[in-house]
Structure formats: structure tokens, C-alpha cells
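When the chains are written out, they are named A, B, C and D in that same order, and each has its own residue count from 1.
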Amino acid sequence: MSAASSNKLTADLLRPLLETSWRFYALVVFLAGIVLMGLGTWAYQMFNGFGVTGINNPIFWAFYITNFVFWIGISHAGTLISAILRLVNAGWRRPVTRCAEVITAFALMIGALFPIIHLGRPWLFFWLMPYPSSRLIWPNFRSPLVWDFFAITTYLTGSVLFLVLPMIPDFALVRDHTTGLRGRIYGALALGWQGTPKQWHRLESAMSIMAIAIIPVAVSVHTIVSFDFSMAPVPMWHSTMFGPYFVAGAIFSGIAGLIIAMAALRKFLHIEAYLHPVHFQNLGKLLLMMSLLWGYFVFAERLTIWYGNGSAEIAVLRVTQKGSFAPLYWTMVVVNFVIPVSILSIRKLRTITGCVIASCGVLVGMWLERFLIVVPSLGHKYLPYSWGVYRPRPVEIMITISTFAAMALLYVLFSKFVPIISIWEMKVGEQETHETALQRTSRVLGELHP
Amino acid sequence: MDRRNFIKLTAITGTSATLASCGNPEHQLIRFVPDEDLVPGVAEWKPSVCPMCAAGCGINVRVMEADVETTRSGQAGVVKMAVAKKLEGNAKDAISRGGLCARGQASIQITYHPDRLTHPLKRTGARGTGAFKEITWDEAIGELTGQLDALAASRDQKSLAFLTRPHRGRRTALAGEFLKAFGAPAPIAYELFADDVLRRANGISFGHEQLPTIDFARSRFAISFGADFLGTWNSPVAQSVSYAAMRQGRPGVRGGFVQVESRMSLTGASADEWVPVKPGTEGVLALGLAHVILANKLRPADAGRAGAAIDGWSSGLPDYTPARVEQLTGVTAKTIERLARTLVEQQPAVAFVAGPPLAQTNGLFHALAVNALNQLLGNVGQPGGTGFTAGSTKDEGRSLKSDTLASAKALLLDGANPVYDAPKAWKVRDSLAAIPFIASFGSFIDDTSAHADLILPDHSFLESWVDSAPESGSMDAVPTSAGPVMKPLYQTRATPDVLIEVAAKLKTPVALPWKTAEDVAKSAPAAASAQSAISNLQSALKYVAPAFDGEASQYPFYFLPYASLQFGDGSSAHLPWLQEMPDPLTSAMWSSWVEINPQTAERLQLAQGDLVDITSSQGTLRAPVMLFPGIAPDMVAMPVGQGHDTFTRYASGRGANPIAILAPATEPETGTLAWAATRVKITRAGDGDGRLIMFGGEMREHPHEHETR
Amino acid sequence: MSAVYALYADPESAQRAVNGLQAAGLSHAEIVVMSGEPFEEQPFAQQDKATWLWYIACAGGLIGMIFSTWLTRMTELAWPLQTGNMPIVAWWPNLIVIFELTMLGAILATVITLFITAKLPRRTPAFYDPEVTNGKILVGVENPSAASVPALERALMAGGAAELKRR
Amino acid sequence: MAHKWGMAVDLDLCTGCGACVTACHAENNIPTVGPEQAARGRAMHWLRVERYWEGDFPDVRLKFRPVMCQQCDAAPCEPVCPTYASHHTAEGLNAQVYNRCIGTRYCANACPYNVRFFDFFNPQWPKPLHLQLNPDVSVREVGVMEKCTFCVQRINAASIDAKAEKRELKDGDIKPACVQSCSARAMAFGDLNDPESEVSRLSRSPRGGTLLEDLGTLPKVTYLERQTQV
């Protein structure tokens, strides 16, 4: 490719790093404020006891676990999607992958925080980790919460590396385009990258291996999250389809999150030239597919329960669909299925705006879905005398809101300090002709089955 | 490992496996618990008597050493002393036989109540404001003797009134002696749910003016007319023990049990057959059963005095044919026939009555009618029937009427709380206001003692000598007494000691046969006076319809205030355990409520928890709705116990007091309050505001079984 | 250190330079190439392709599997408490932990190998030119013997270098 | 042979009087949470008496069922605990080690009987109510799960006394607070491994059954169905 276009690309994608408007600071201060309030609320909860939240007997899990599942779900945006796209080497992935992988890393960090926030004695959370302690206590590997610990650790490590490795050449680039302290910092981050053929080869093979490794891990993570529920003999939790159901839901909400993030970046970083409507088109199609898949899962689940007519399950089914949870339930159905399907299945409507609208709905809907999995079942277990109701209180609401702020904040800061679109991959993309794309695809697939 | 270490261990891990865990890593946990958190100790068991009701259950008290912050001779500090830890029924006691009801279990909190009075008090503010100041015992006793001397000086001894609760054993006897010697009238005993009507009836029918002891254990069939004998009536623990023996105590024999009432009580819940009747017609049903038995000559017709008390008995009760009884009671003739035959076939069978039926204006009739039926069944004084415990005493006392306190110039309060549990119409508040001097011996400031000028707080029962002479509950019950199980926590004094001291300090001292509270408790009761008491009836009784206060057109609902399982007549509403104990039938905690039949509620568009105004001719109160399938559609019921103006942090201003809106109707023969003879109307006052607190969720085990999916 | 190199605007001329240097008798280990992006098509980009990375990843996975198998079994036996009527060593749940640690092993092995073989991280290299990240391709020789320099320069120029640099 | 502690509840005798509920509070230092917290569903009753209405007036019946920890042999609450705070003891009890509990509340969700309770706050005993606390039972701090222990402190006390007197435990030596307080003798406690014990005898009754049997939790509390007069 011509040096000119290469320089233009570099300039465009470095602009966010080099130029800073007051809006950026305003946004950061605003978000940081909310995050601090959230932390304060958590401290308040720890100091006064869990009673300041709305949970009660028998509804021992509510907002926090809902958020946990929600954020872990969102985390499936990136790594999984970008890994798949890398493997099939979809050309249009290049501007998308990094935005996606960042979501994964941050969403995982936030999600992994909730099991700790929700502990009665959070200061003892480290008892979940296997280490030789003087108490001679090891964690109980039969507990799905311990499985969570291992799954999330693996997934987080994997995703962060998956995100960071392709950033090295871009750090080198920033290093060469900046001076002074900033230059030295990026220089350190670049790890002395030169760009010799050997380095390029190693990097690319490593990425292929990671892509292959990360996919089963991602699937296992949300399956294990679903095990948190399906291992307990609780009506409508104890289900064999929860694994795939949760994974589908996770990818569903993940794509929605990605679309929104991309639209935001496109708007605020003025990189319309690199995030084209076609990217949204394609992601929109993916979202449509996942929406249909989700609908299929929900139907399969509900029909089985309804037809089976087990008294405990029916009680939960009834309270969600007809009872006090019905408004939430039907809202979920509309925003998760009716709206996305009707918008995205019409080509004309599958615009950036259309996709964003659908995605916002899906985020709300998927949060509700998790809430409707957690709470109604706990409130309606086998002995009706012990049924209960749940009302959230300001504490858990505040903490929930602040995690969304935290996500936004991290994202804003990241796109400030790292090229949110992988510059070198863009260059490769531009030099790559259609034929070579095909050859490459076949080669990568060849690597898959040596 | 010795007991001490063991207790340490359990204190730490709070689980088993501590013993098993020698060699098990679990004992590693110990070093993570700071030593000061551990309270090792060894238990000792001491006998006492439960004070919560007149039943007089013998209990064992678990006593252990503890550090107590207390004041000894003006010196505040921490002392090691033996304190009570738990109350359990005494297995050797004829009444409790090792069992103890919820109220009994919770009575330990009387001793440790944070709002218990710790020293004598003198009123500073206006009466009823509860403004008091601390004084010494010398001042307090000086004040009391001064007031009594003043009465004596003005030759006005008879205007000294002593207000207590019935059946408080030797304590009442002491008061009686004191008053007699001082020249004042006998003590006034008041209790809302007193059984005077039943005692009178038993006097008439059987010559025992006393509550019956029912021998369920050897009975094959029991029919109870409104008696909540497993919950709140008479001697629930003893009756439960004996009831259990009737049900499962004999191989191959399971005694049957039918409950006749209009609102399902705790007892009704255990019945094999629950027979709802129109309020105030229970006696008619009893005579209907008797009619069938007589008409079919199923049993010898003679029912002695009991029969003679019923008009038309000798002629086979012509007015009580099943058909007519069905009209009056609402119980079908078929049921009456069947029940009558069962009563005769399942011998020995026993019939008894108590509670709401006797709280009607025609209460005595119901009691006599059931007595006659019982006599006809032929098991009075027989195994499996009713008997009368020997050796119980009858209080020589007066009962409280609307005018009893009018003449009083000085009033001594000992436990009774009429401001709370007497109908407003009696104007107890006003009479108190008119009395120049009021002294209370209570351990708490309650609705009544809030009006006192002087409070001389008594020890708690665990700190004092106690005695009991059970009136019923077991045929082999004997009067007993027991010493204190722990030292007093505070600057309190045993009321008997106070009375004795006052008696001696009066200008013209009053001679009492006792020197200390111990003597009083140990002294033998006066020779069983109950047996001798035989009352007679001018003429045999016939059924007259009960008179309800309030026109049915204007006040469409019967209003039933019932003794609550937790609070009885409200005297234990200040105990947190009982406040938080879910009511067995409704699962409500910390609340009062009005029970309404779901159909009625639907008609009035009332949902669970909605607020309603309940209005009688006497006034209005507001309470949340409790849907209650076990109550007649034309009746509403409220538990007594909540709605205190003043009764410690746990009960003050909580809920509503149904007694407040009762009409002052009385049973003519005994003049006791007919507390079930009021009618009310209900108007919706708004949506629920969370004042109805329930522990339970659904009230049915399969809530939606009849609905389609 | 010293180095002689030239910067090229397009891969073809860079390739010509490489060919020239090889003609001048340099082994391709001596020829240094740097680019701001991988150039799959050019022969000079094909060197050093062979790698053990795939096998090392599998080995890492195996280590993870063995470790986790030992960990789960060992801890369950070290703390032998009955729960829910399950065996002390409960394989079903353990398999989940084993799977996760297997994957973790593979991932870590891959990344570590990457860093080692690509000689990362290291200090900002002495022999480097920021122009590389502007799309230029660097071809040169490190520490050339003074005698050979003119020959090398000729070879590099033959490639049609934009500019020739020496340090 | 090791003991296997079990309980039998005769629903034909249970009158629903609630004495057991209060006795349990008195024995096990269960805090009173007060009206505000009770309204939020934080009331703690290790032992509750469930009541269910059947039918409508006038043909209405009421059914009581005391429900405490069923001490399941295949307890769903145990394996889900990440720290072994909830585990099975040699004598078949579901032990709950408060010190080891970090408050995931997973066990409470997994328990089909809803008999596990969470300390939402540090318990309060306005002085001198604290003098009543039973020193044999630890007071639970905020953030941990607690539940019926079959009055393990009494089990251990009796075992120690028996050991001291160099004898075997006899049937009836151990009475948990609820069993002890029951006037109607509706509850029996003892060793299920001793076929002669009262609890074993009752558990074999044709009226006997366990709660939510189909879930396969193997509870050690047997309920004897209520009889009806024929």
C-alpha cells in the first residue's frame, strides 16, 4: 500500500491518543464520580451488614448475581466473536476485533467482582482460592462457585493476553510517533518490538493458537455460570439445557454490547472511515440469529415446564408469566425477541441506528432474563409456606448503576491510551487482495487440522 | 476432653464434629476465636413455677454462672452470679409433665427485659404521662404507710382497694389477710378471660365451683364446645399431654374429637370434625344431642342436678328436636343424629364447654346445657370423663364491675391491667383519675400502672418464692412452692415482703400470720374451699337467644375478640420472643389483624393486608385484613394482646386493642363481661401499609391446584 | 554498534535488496529485515517460519492437566469431608477444574514461548528506524566488516532504496 | 456402630402450639430481628410450624407441619459450599461451621426446605437480655448462614456425660429443645442405627414418610401422617 494512505490511517487512528478535548475530561470525571459512589455504597454495605440490601429469606440471591451473570455474558462479546472471526479470517473483522476484546476484558473484571460484592463476609473471599493455608482449609472442588473461580481466572488470563499481544506492534508504532515521557512509556509497552519477519510469524501463530484455545474456554465459562443454578434442586433452575441456553444468551448480549460500543466509538472518535455500515450490517445479522436462537431456547424451556406440569415448576412459571413478575417477563420477550427480529430481519432497517436500537433493547432484556431466572425461582420453592417476595433497595441499585459507569469509564480510558482499532491489522487488510484472503483462509484452516 | 473444653469447642465451631474432630483438621479453627468470646460454665437445674397463667406448670430452670452488671448497695459493678438460662417443664410435675408452652418458654424474658423497673418510682408528671423519679425503698414504703395511716386516721379503711388477677395462690391470700386486718374489703380480682360463668355452672351442676379436669387420656371421644383447650384455655400444657395420650397413647385406640365453634381456634385445627355453629347457640346443640340420646333411650335419662338445671330435661327436652336445633344452630339434623350416636358408642366420651359460648349474655345456659349432656354421658368423676382436682382454693374475692372502683380512695395494683383489658364503657381510666392515691407492685409500666403515683417493683418470679395450687389440669396436682432460682438483678423487693413490712410499720400495726414471703409461699392453703361451694339456681334455665349489642342491619358482623396464643389477654405482649413468634394459624408477627372469611372479603373487595375500620356502638379501631378460611362469613375475629398505650418498647403503640370497642354487656347470673356479644361493621380504610407482618407465604399447600395452567 | 541499511517504500524493492545482499554472499541470518506489517507474499518474509509453537502449546496443556488432576485429588484427600453423599474424590466436578487448568496451561505455554522466541521483551533496540512504522521496509546488515560496507551499499542501492543510512 | 441421629414428628399429635419454636430460640441464641426486619423477611426461625388451609368454610381443615433442618443424608446444601462450612459429620448431621462460612448463601438456595437462615446484621440483645444467651451455643456474627443443628450441644453434652459414667448412650438421653418442650410429645429424637429406639420405631410406621421425598435428599426427619376418624 502507499505510504500516503498508510500515514493517513496512522494519523486518523492515533488522533484520539494525541488530541484531547475538554469533553473527555468532563466524561471521565462524571463516570468516575458514579464509580466512586458505587464503591462508597459497597463500603456502607460491608460496614452495616448485608441487611441494607433487599435480599431476604428465601430470596438470598438477586441483583448482584443477576449482574454477575449479565456482565459475564457481555464478556462473550469480544474474545469469542473475534476469535471466531479470526479463525474464519473474515476480512471485515479487522476494525472490530480490538473493540470487542476490550469489552471482554473489562466486562469480565466487573463481572468477577460481583461474587465478591455479594458475599456475606467479602473480606474472606480468598478462601475460594486453593492455596496451602495454616487453617489447612482447601476449597471444595464440588462447589460450582469454585468452578467459577477457575473458569473466570482462565478466561480472564486468556482474554487479556489475546487482547494485549496484537497491541504490541501498535505500541511500537505509537512509540515511533511520540516523544518524551509518552514516547518512553509506549516504548516500554512495545517491549522492543522491531517487526522482523520472525516476530510477525510468532505473533500470528500465537494468535491462531489462542483463538482456538479461547473458544472452548469461553463456552465453558458461561456453561459453568449456568451450573451455579442448574446444580441446585430449585424449580426451573435444575435444567439440563441451562448450559447452551446461557452460552447463547451470553453471545446474544455480547454482540449487542459490541454494537453499542462500536457505534459510540464511531461517533466520538470520528473513525467513520474505518467502522463502515457493513460492519453493523454483519453484526446485525449475527444479532438476529442469536435473537432467534434465544427465542428458541426460551420456548423449549417454557414448553417443557408447562407440559410437564411439575407443581413446583408450574408455580414459578405461573408467577413469571401471569403473576407479579409478568410485566418484567413480557417486557423481556418484546425487547429480546419481537423488536430485534422485526428490526433486523428487514434489510432497510438494519442500519447503524436500527442495530443500536435493537441492541439497547437486548441489553435490557438480557438483564431482565437473568433477574427472572434468579428471583422468581428462589421466591417459589417447594414449600409454599416459605415463599417470599423481593424488593430491591437503593444499595444494590446504586452498585448496579455504578458498574455500568465503571464499564464506560474503563472503555473511555482505554480508547484514549490505545489505538482502539488495530492499525497494523488494518494495513494488512488494505494490502490484502481478495485472492490472498482466500489462500490465507485455507491456510489457517489447514493449520486447524494439521 | 472435659465438659469445660467441650463447651469451649462447641462455643467456637457451633457444630458437632468437634468431638469427632480430634485428629480432624477442624480443631485448627480454635485459635482463630479470641478467648474472651467464650463463656464456659456448668449448668444446674432448679425448680420453679411458671407465672404466665393460672395453670401453674411446674418448671425446671437451667442456671449457669455469668458476669452481671449490677448495683449492690449503691455500688455499680460486674459480679459473677448464677443466672437463669432456660425454662423447661418439670417432668415430675403433675401439670406440665415436662412440657411447656410458648408463653412459658418466653417468660424468662420477663426477668431480663430491658425495660423492667429496677427500683421504686414516684410520679413526677401528670398521671398517665409516665413521668417518674427514682426513690429509695425507705421513701417508697414510708409513702405507702403514710397513705394507709391517713386512711386509718380518717376511719376510712374500707375505701382501700386492692386490684389483682385471679388465682395467684398464696399471694392473694396474703393480700386478703392484710385487707381484712386493715379493715378493707376483700381484694378485687380481674381478668378478661376469667371462667367465672363456668365455675358457677359447675357449682350448680356438679357441686364444684371450679374448673374441670378432663381425662382425655382414658377417653375415647371428646366433644368441645368452644374450648381452646390446646391453646389458651385453662391448663393447655396438661391438656395437651392428656390429649396426646388420647390420640396415640393406647395401642389400637385413637380417641376421636369434635370441636364446636364459629371461628376455628388452634384446638379446632386438631379436631377430626369441625362443626361451626351460630354464635350463642352452642348449648342448644348440646341439648339437641341430649334430646337424641334421650329420645332413643341410648342412655339412662337421669342427669341429676345437672339435668335438673335444664328446663324440660325430665320431659325429654321437647324443645330441642334435631329439626329445631338445626334452625337455631345451623348444624344439620343428620349431623346431630350422627354425633349423638357416636357419643354413646364411643364410651367413655366427654363433653365440655369454655370460651366464646360462655361470653354471651346467655353464657350460663350453654355451660349448664353442656354439663347436663356430659352428665348424661355418665362420665362425670369417671375415668375418661371430667373430674375436679382436690385441694385447689377458691379466691375469697370480689370481681371487677364498672362501678367497683368508684368508692376507692386508695388503690393497690398487683398485676391486673384493667385500663387495657376492660371495655372503655367501664370508664376504668376515669375511676382511676378519681382515686387520690394509686400504688403499683408491677415490674413494668403498663397501661394501668402508668397512672400510679408510686411504684414498688416486685422481684421477677425467678428471683422470688413462688407457689401454686392448681385448680385443674391434673387430678393428682398438689399445692407446691419453690424458692428463688437466682439473686435479684435490681433494687426490687418481693411484694409479700413489702406488704408484711408495711403491715408492721402502720401506726396501728396489722398482725399477719407470716414473717417473710417464704412463709407465705410455704404456708398451706385454707382447707379446700372449692368443694364446699355449692350454688343453686332459682329456676331451671331454658334457651333464650343471645342479646348482641348493635343492630344486625347496621352492624352486620359478629365480633369475636379471642385470647391470643402468644399474649393471652395481653399480659405477655412485652416479650420479644412472643412478638416475633409466628401466630400458628396466621403466621403473623408483631401485628394485630382482623380475621375475615375470604368470601366475605371478596364481597367487600378486601385483600390480604388492606386496612379496615371496625366500628361497634362503642367506637372504631383500624386493623389490617387477615384472610381466614376458618371463620363464619358473618363473623370477624381479632386476637387480644396488641394495642397497648404503654407497655415497654416492644408493645407500646403496636397494633389495635379489640377490647376497646366491646359493649359492656354482661352475663346476668355472674355479672361477668360478655365479651363475645358485640356486633360490628367493617369499612375499607385503605390499602395495606405494611403493618401486617407475616412469616408465612402461601396459606395453601397447592395454591393453584384447581386452576388451569 | 554499527549498521548499514536502507529503507524501501514497497516490498518488491526490499526483496530486490535482499536478493542483492544474498548475491553479495550474505546468509539470510545476517540480513536484517524490519517492516511495520507482515508481508506474507514476499520470499524475505518466509524465513524463520518453522515453529514448535503448536507442540509446546499441547505440552503446556498436558502439564496443566496433570497438575490440576493432582491438585483436585490431593486437596480432597487432605480435607476428607463428606458432602451431599458424594465420594471424597468426586471426578465429575473435578473434570471441570481439570479442563480449565488444561486450557490455562496451553495458553500460558504459548505466550511464554512467543516472548522467548521473539526475543521479547527487550530494551528499545539500538538497531532500529522509526520510519519502519511509517510503512517503510528496512533492509540492512548489523556490524558489517568495514571492508564489506561499500559492497553492501551497492547491493542495497541496487534495490532502489529511497535513502541509504549508516550508523 | 456410629450413631445416626434422626427425628420423627407425629402430625397426628402436633397441635401447632409453637412451643417448639420458642424453645428453639431460647436454646440456640437465635436473635429477635424486630418488626422492621421481620417485615423485610429476615425473621429467623430454625424451626417453623407450617400451616396449610384445606377446603373452604364450613368444610375447612387446617394442617400443621413443623419444619426444621431435615439433616439430609444427600444434602443439596453441602456440596455447593465452596469452603466446606456446610458438611456431613460422622454422625450424619449437616454441620454448619460458622467460622468457615463466607456467606455465599448458596446452601440456602440449594436447600429445598428453606430451613437455612442468614445473619443480615450483627444480632442485638438489649441488656440484660444477653444474660439469657446459652453459652454452649456460639452467637453468629453478620454475614454467615445458620440453621437447626439438632441441638448438637445437647448431643455432645449427653455423650460426654455417658462417657464420664462409662456407659453407652441410652435412647431418650438426648432431647433437642423442641422435642423436650413438646407437651403433646409429637416429636421423638434418637439414633436411627438403633432399631429399638423410639425414633426408629416411629420411622417404620406405615404413616411415616419424609418431606419432598422425590428429591432424593434422604432426610432424617420422618413425618407421621395425621389420621382421620373412621
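Going forward, a residue touches a chain if its C-beta (ideal position, glycine included) is under 8 Å from a C-beta of that chain, and two chains touch if they have at least 3 such contacts.
Keep in mind the model is a prediction, meaning the values are calculated, not measured.
Of the two interfaces, C-D and A-C, the higher number of touching C-beta pairs belongs to A-C.
Central chain by Cα centroid: D, whose mean Cα position is closest to the mean of all protein Cα atoms. Chain A and chain B have CA centres that are 64 Å apart.
Separation between the centroids of chain A and chain C, computed from CA atoms only, is 30 Å. Look at where the CA atoms of chain B average out and do the same for chain C: the two points lie 89 Å apart. Chain contacts: chain D has residues 43, 48, 50-52, 76, 79-81, 84, 89, 100 touching two or more partner chains. Shown for chain B are the residues that touch two or more other chains, namely 25, 29, 32, 587, 696, 700-701. Across the assembly, chain A contributes residues 136-137, 139-140, 142-143, 146, 384-386, 388 that each touch 2 or more other chains.
Viewed as a contact network, the protein chains fit none of the simple shapes, being neither a path, a ring, a star nor fully connected.
By the touch criterion stated above, chain D contacts chain C in their complex at residues 73-81, 84, 86-89, 218. Those residues of chain C that touch chain A in the shared complex are 9, 32-41, 44-49, 51, 53-54, 57, 71-72, 75-76, 78-79, 81, 83-84, 86, 90, 93-94, 96-97, 99-101, 103-104, 106-108, 110-111, 113-115, 117-125, 128, 130, 132-136. Only residues 1-3, 6-7, 10, 130, 136-143, 146-147, 150-151, 153-154, 157-158, 161, 165, 168-169, 172-173, 175-177, 187, 190-206, 209-210, 213-214, 216-217, 220, 224, 227, 424, 427-428, 431, 436, 440, 447, 450 of chain A touch chain C when the two sit together in their complex. Interface of chain C with chain D (complex): residues 79, 81-86, 90, 93. Residues of chain A that touch chain D in their complex: 48-51, 54-61, 115, 118-122, 124-125, 127-128, 137, 139-140, 142-146, 149, 228, 231-234, 378, 381-386, 388-389.
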